[in-house]
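Structures for review follow.
Two complexes are shown next, each including chain A; its partner changes from chain B in the first to chain C in the second.
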Partner chain A sequence: MSFWWVFARLGRALLAAWGIASAIFLTVHLLPAAPDEFTLGDPSELGSAVSLRTSASRQAARQALRHRLGLDEPVFYLTRTAGRPVRWQWHGRHNQYHHWLSLLLRGNLGYSYRTGQPVAALLGPALAYSIPLMVLAAALATGLAIWLALGLANASGALTGWQAVARTLLTGIQALPLFSLSLALLLLLANPDLLNLLPADGMSTDYPPLGGVAWLASYGAHLVLPLLSLVLAVLPELTLPLEATLRQELRADYASTARSKGLTSWQVAYRHALPNALLPLLTSFTGLLPTMVAGTVVVEVLFALPGTGRLLAEAAATHDYPLVIASVLLTSIARMLALLLADVLYFWTDPRLRPSL
Partner chain B sequence: MSVRWPAWFFVKLPHQLALGWLALVVLAGLASPMLPLPYPPATPDLLHIAAPPAWSGPGPLHYLGTDPTGRDVLAELVFGARQLLLLSLPAAAAATLLGALAGGAAGFWGNRGLAISWAAVPATIAAAWWVAELPQRLTSALILLIISILLLASKYLSLRYSRRSGNATLFFPLDSLVLGSATLLSAVPRLVLVVALAAGPPLGTGGLLVLLLLVAWPDAARLVRAQMLRVRAQPFVEAARAVGLPAGRIWWRHALPHACRPLWAFAPLSVAGLIGLESTLAFLGIGLLPTTSSWGRLLGTLPQEPTAWWLVAGPGLALLFTLLALQRLAYWLSANQHSQLVLPK
Partner chain C sequence: MRYLWLGNYLLALLLSACTPPANRQVGDPIRIRWARDPETLDPLAQPNQNTVEAINLLHAGLLQLNFQTSEYAPALAEALPTVQLLGDSLTQLDYHLRAAATWDDGRPVLATDVDFTLKLLNCPGLPNEGVRSQFSFIQQLQLDPTDPRHFKLMCRGQAPEYPWVSGDFPILSEASLDSTHSLRQFSLASLQRAAQTTPALLALAKHYQALSQGYYPNRLPGCGPYRLADWQPNHSLTFERKATWWADQLRPAPLVLQAHPKIIKYIILPDDGAAVLALRRHELDVYPSMQARDFQRLKASPLAQRELAFYSSPSYDLLYAGFNTQCPALRDKLTRQALGCLFDPAGLLAGTQLGQGQRTVGLLPPSSPFYNDSLPLPTYAPAQAVQLLRQAGWQFVAGGWRRSPAQRLALSVRYRTNEETFETVALQFRAAAAKLGIPVELRPTEATTLNHTLHAGDFDVFVRILKGSPLGFNFEPVLHSRAVQEGNFGGFSSPTTDHLLEAIVTASTAARKRQLLRKFQVQLREESPLLPLFFMPYRLAADRHLSHLLPSGLKPGYSAAAIISSGSLPAAARK
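Take a look at the complex of A and B:
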């Protein structure tokens, strides 16, 4: 019963991921300028290496490239000629979309236009870098958010002192896009003129060998700025709703009872109000994933980290469509699974919400 | 007096500052082609590359310095405000409008409110066949039209000669359609979706506007749909139905204005979100033509010249003030609305 519900949700999630990836595939491939024009680039650059002086040989090279990338085939099963007279053509299974989909169903994400490597081989190491970064940032942000929200909710009446400052800062940070936040951090903490505390160049070449204390220290130092940016980016959206719920819970009768027992306000908030206030936090927690993924794009580009975000941004800048579409597919699947997981967690923690199937 | 002034300081002053700043940005954006700037935007001054701000010296001055490609920061700032007016503001307005219409319709009619006769289906296919110029368009469209006329006639006859009716209609699943496309669009984070769709050739302002509209409408649609579900059950809508007004008129004149009330507080936040998205795109250098002036593009040049604080100070503060002012405006609008709220929650 419950199994079928999860199964149906899973099916819908996969359907949505397929839908969005297909939509992007078709949009990108049907745009007027084909990617081979970007890949071939300026003919004068290639002119010295391969003799592409004549327009005939350039045409031949373009044709060969299009054939190698599979772009000489029609995009979809059914295509319409651009000029007059308008004719519709049925191409059967020999089209780019069918090839992409059949490769995908066999677990192959395709091959990068730029390097020719399998997309999975490019994404694997990048994911191995980005996922620990995101998990670490999420864990840190959650811990910090709970602590901050407890502190803020405990202040009765008007906020004073550090609480007022923290509250103002949080609202300010919430307004700013992440990249300006990271830039400010970069300018403050990794500036040769001001405070040159931390390295900003991500993975530099003079990197100590894997393992050992030196490696760990260097790795940690390189991660501080990106991690700080990501944590600050998600902190307001975690803290402010939690604080509102905590305040509401602290006004409830059971909180008064706990106070009248003689517990300190911190104990009341931590032991009694927090468990009840954590349930709505699950919603913010699923909202964390999109913010994190978007955040890694910005942070990895700015700090030159070899993760999925930079891979996506570079692929988009170089028109490497297979890589872009694979990233979108992975992201949407992760997002859908996160939503499903949040629902399952809700039903598990609060039986009142379970679907009556 | 001494009691009143803190309230003024904390409530009125930020509000006036916010409105003043927004007016300044709008004015700068509107007047930017006419302002007597020492340097035009998007033209490199190769003699002064990454020059710090200069306030005295020979010739025209770079009052706010130049970026690593020699562009004047002041000109870029002013024309960046124009970019906000040309891109983020229209995109947010269009997205809010589209979201209001789609969400309002989805909430009002639901999945079973819009009943269409089966005869409309072949007629629609015929029209689509004609427009798309599918093969044999004259013959096929005619055949489909004849089928639709036959269906209409049979419906008319069955209504006339038998009591049985009502099962010959098709319910248009408007609610599922709107919610489904909104879910599909929010399956991927906004930034990732925009970056993926902008992977093709540079889009220019028009293409980017469509892209921002596409990613921004679902939020407004969800908000209006939720409010419409509440409004639909109100007595005044029922009264309008009882009077016998057509559904479209009830929707447009009576229900939609009420369902759109939360949008007033939402719109400034939507503008702020799109400004953030647009400047992030410009920062990443994706989608925009390299000649377009944007605060985000200016900020994105910092990693090439890490000590050039003047590259961050101007556009960073402008961005911060604009976003904070919009947040303040949204807060004020929502507080204003709650004080005169009519509908019970």
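Take a look at the complex of A and C:
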């Protein structure tokens, strides 16, 4: 595996991300509802007692808004006329896509339609909430999945005791949508009528001074429910396949040899079967990102966390395209990098798979 | 042993972090739930109700709504303006600013600031597109050379509401935003007429944008009672009471100029369920706009009843069903009247709002002095519907209602998806129509595309909310033919109604307005382009130790600045 291979893969990943973002850019501009609907408000509102917002006055306001946002320019270099006869028109560099791309190449993700703020200024603080949550959840889920899978795979014959309970729970959780799961946890553990143990929101407005043990405890207490929701959401899809693969590996000859040498069943499973069982699941582990991103949308809305998932959901609902496109771009880059990481890990663990460059 | 102590210490810390907040004390922040972030605090933009609420804490207008009386009261203005009608097409409003009114930097609030703000509302390149048309009836501000706090507003047209609506916008400081007085060279009328792009205007717009008023409102002096202390987007906003505010010296302090809480904290909790739990755990103090089912559940809980106070008042938001009058089957009023008889407003009010709203005969609430109480309330009357359908020429043949071989009565209903109330209305209508043999297809539509779909005419019936106000007597945005591609979604168009609507807006006396509005309500019932179902209620739950919330039907349903905290809850209530 050479540096050039990684470099080429990185380049392809970036190209793919750019392609996805461009496709989203062009697609969202074909949607019927324009962002000006949200800024200009409800046309039927009776708030103004004396001024009629006629079609003409609203049209003028819409035009001014579209001009301010740069939406009065053509979407792409080449556009087709609406009526017949169909004609194609070349606009040169004066189009929205060109402006977006020029800004992007200079490291500027654009400006939010709703707030006028730079998209990077909105995404930055949101990422600061989401990334630690996702990384922590992914790490916990991975660790727990390995431990659980080892425990379940080591059981001989039919599952009994905690293993039976764990398997049933995992199967049940897998069937539950994340929203129901998170809501159930909230209603169970933050409810004065049931167990009033944890805060209802994922982030306090009054944390103790940063860095102290009290801050850590408060931060941790608020994080329990969102974290638990995300971990439980991905735990079954990691644990159950790993358990099946481990069971298969434990039936292999090398496992029998290890057992005959006097190793305990845990030692056989951990030292010998696990490295082989993990290999086919590397893609699942590195592919946690899409599940996590989808999960954070739900978790951040329910537990009022100001992260990227919520930002993306709200931007999509209000047609704040620059924010949507930037979020898609970042997510696709992260996804491509995760796939690249999976490949690198495969090549690292199994040299036979390495590309010959 | 040492580790055991450490473990115990950490466990104790974690448990204390999980414990709901201790009893409140006087002076503790007032924590209010918001379902969404205001996104911007720009006084020119005001894209949503939360922004408006926040701006009212930071800035002051000439007049402000009094939540106790639902009327406008003087804020920066000394009194309501005196009105003088000039000819038959102009109104002159005479304002005096309070002598005590000052900006945070100590400068007095002057008539030139009002003039500057009005011009700024029309300045190109600024996010003022939404509010610009609201004040387009003000065509000039005349300064008084002898009194810097005195000015006259010249308004186009004549309407009894002018004195109130002319003062409902936040006043901004000219000295801070335009120290060179560059806007003074432009007349208000010239800015309203065309989007000018002179270098002076562009420079002013650039300066305004550079200040990022929407996110850093403290960069400019305000004249409201609070300053923004902290804003964590999508999480919380904290407003801190100014130590000295000009209105503190007024004796007696007018209700609209009272600001009691030292700190007001808005906590953004998008999910209703989580917000209810936060209220129960004392992580919130005020929960406005509560859903009916949550309100009912809390009221039924003995524990919650000990801790919380519950308020409900009818709002000015009307739930209504509209008909596509451009659709051939619904072009005649008899068919529309017949379909109107298939809605059950009484049952829907009880089923969706626990009976807490108000039924109405038209677009005005029953509390309005212009309400036509001689009209009967719309009721569910299937037999009458059949009769009206027959009168309209429909015949029930081969399992359906037909007027001609090609015209069959089959309807589609559009409404915003994920809205229980709308869905219940649509389901009730479909069930009632099915009993008569009218097929109804429900088409819940995503909020962002609903307006576009309605404008495209892709519906027969729609269900939505009409947002009103105590002074909302101008129904042109909903029913005038000039608003067909805007708020008149049903495409209703009638010269008689147009004339009546225009006459209502320009009626110069209350008696004339009353006469016209009563006539309008009769005509609305007759033409039935839409069916008013009921006015929605505003429900509010708050910690019992809070008083003077001024629960009201006006948005947002309470007055945050007026709230008084009477200290901690009695210990018994916590058990």
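Following the convention adopted for this analysis, the second predicted complex is superposed on the first by the 331 of 357 C-alpha atoms of A that agree within 3 Å, B and C clash if a C-alpha of one lies under 4 Å from a C-alpha of the other, contacts with A are read in each partner's own complex, and residues count from 1 in each chain.
One rule holds for everything that comes next: a residue touches a chain if its C-beta (ideal position, glycine included) is under 8 Å from a C-beta of that chain, and two chains touch if they have at least 3 such contacts.
It should be emphasised that the depicted structure is a prediction, and the values quoted were computed from it without experimental measurement.
Engineer: Under the stated touch criterion, which partner chain does A:Leu288 make contact with: chain B (first), chain C (second), both, or neither?
Structural biologist: After superposition on chain A, A:Leu288 lies in contact with neither partner.
Engineer: Go through the superposed model and pick first if A:Val28 touches only chain B, second if only chain C, both, or neither.
Structural biologist: It touches chain B, and chain C stays clear.
Engineer: I'd like to know which partner A:Leu227 touches here: chain B for first, chain C for second, both or neither.
Structural biologist: So A:Leu227 meets neither chain B nor chain C here.
Engineer: Counting only touches as set out at the top, which of chain B and chain C does A:Ala126 meet: first, second, both, neither?
Structural biologist: The answer is second: A:Ala126 touches chain C but not chain B.
Engineer: Classify the contacts of A:Ala149 with the two partner chains as first (chain B alone), second (chain C alone), both, or neither.
Structural biologist: Neither: A:Ala149 stays clear of chain B and chain C.
Engineer: Let me test your reading of the model: by the given contact rule, A:Gln117 touches which partner, first (chain B), second (chain C), both or neither?
Structural biologist: Second partner only, chain C.
Engineer: In the superposed arrangement, which partner chain does A:Val301 touch: chain B (first), chain C (second), both, or neither?
Structural biologist: both
Engineer: Which partner chains sit in contact with A:His319 here, chain B, chain C, both or neither? Use first/second/both/neither.
Structural biologist: After superposing on A, A:His319 lies in contact with both chain B and chain C.
Engineer: Check whether A:Thr171 is in contact with chain B, with chain C, with both or with neither, and answer first, second, both or neither.
Structural biologist: first
Engineer: Both chain B and chain C contact which residues of chain A?
Structural biologist: Touching chain B in the first complex and chain C in the second, residues 31-33, 38, 183, 186-187, 190-193, 200, 301-302, 317, 319 of chain A appear in both lists.
Engineer: What does chain A use to touch chain C in their complex?
Structural biologist: On the chain A side, the touching residues are 31-33, 36-58, 61-62, 64-65, 68, 114-117, 122, 125-126, 183, 186-187, 190-193, 196-201, 203, 205, 213-214, 216-218, 220-222, 301-306, 310-311, 314, 317-319.
Engineer: Where on chain C is chain A touching in the complex?
Structural biologist: Counting only chain C, the residues touching chain A are 9-10, 13-14, 16-18, 20, 31, 36, 39-40, 45, 47, 124-125, 127, 129-130, 132-137, 157, 159, 161-162, 164-165, 195, 209, 212, 214-215, 232-236, 238, 265, 267-271, 273-275, 277-278, 280-281, 283, 301, 303, 316, 363, 447-449, 451-453, 456, 464, 466-469, 471-478, 480, 482-489, 505.
Engineer: Going by the contact rule set out above, which residues of chain A touch chain B in the complex?
Structural biologist: On the chain A side, the touching residues are 16-17, 19-20, 23-24, 27-28, 31-33, 35, 38, 80, 86-88, 171-172, 174-180, 183-184, 186-187, 190-193, 200, 289-291, 293-294, 297-298, 301-302, 312-313, 315-317, 319-321, 324-325, 327-328, 331-332, 335-336.
Engineer: Would you pull the chain B residues touching chain A in the complex into a rising list?
Structural biologist: These residues of chain B touch chain A: 132-135, 183-185, 187-193, 195-201, 272, 276-277, 279-280, 283-286, 296, 299-300, 302-303, 306-307, 309, 312, 316, 319-320, 323-324, 326-327.
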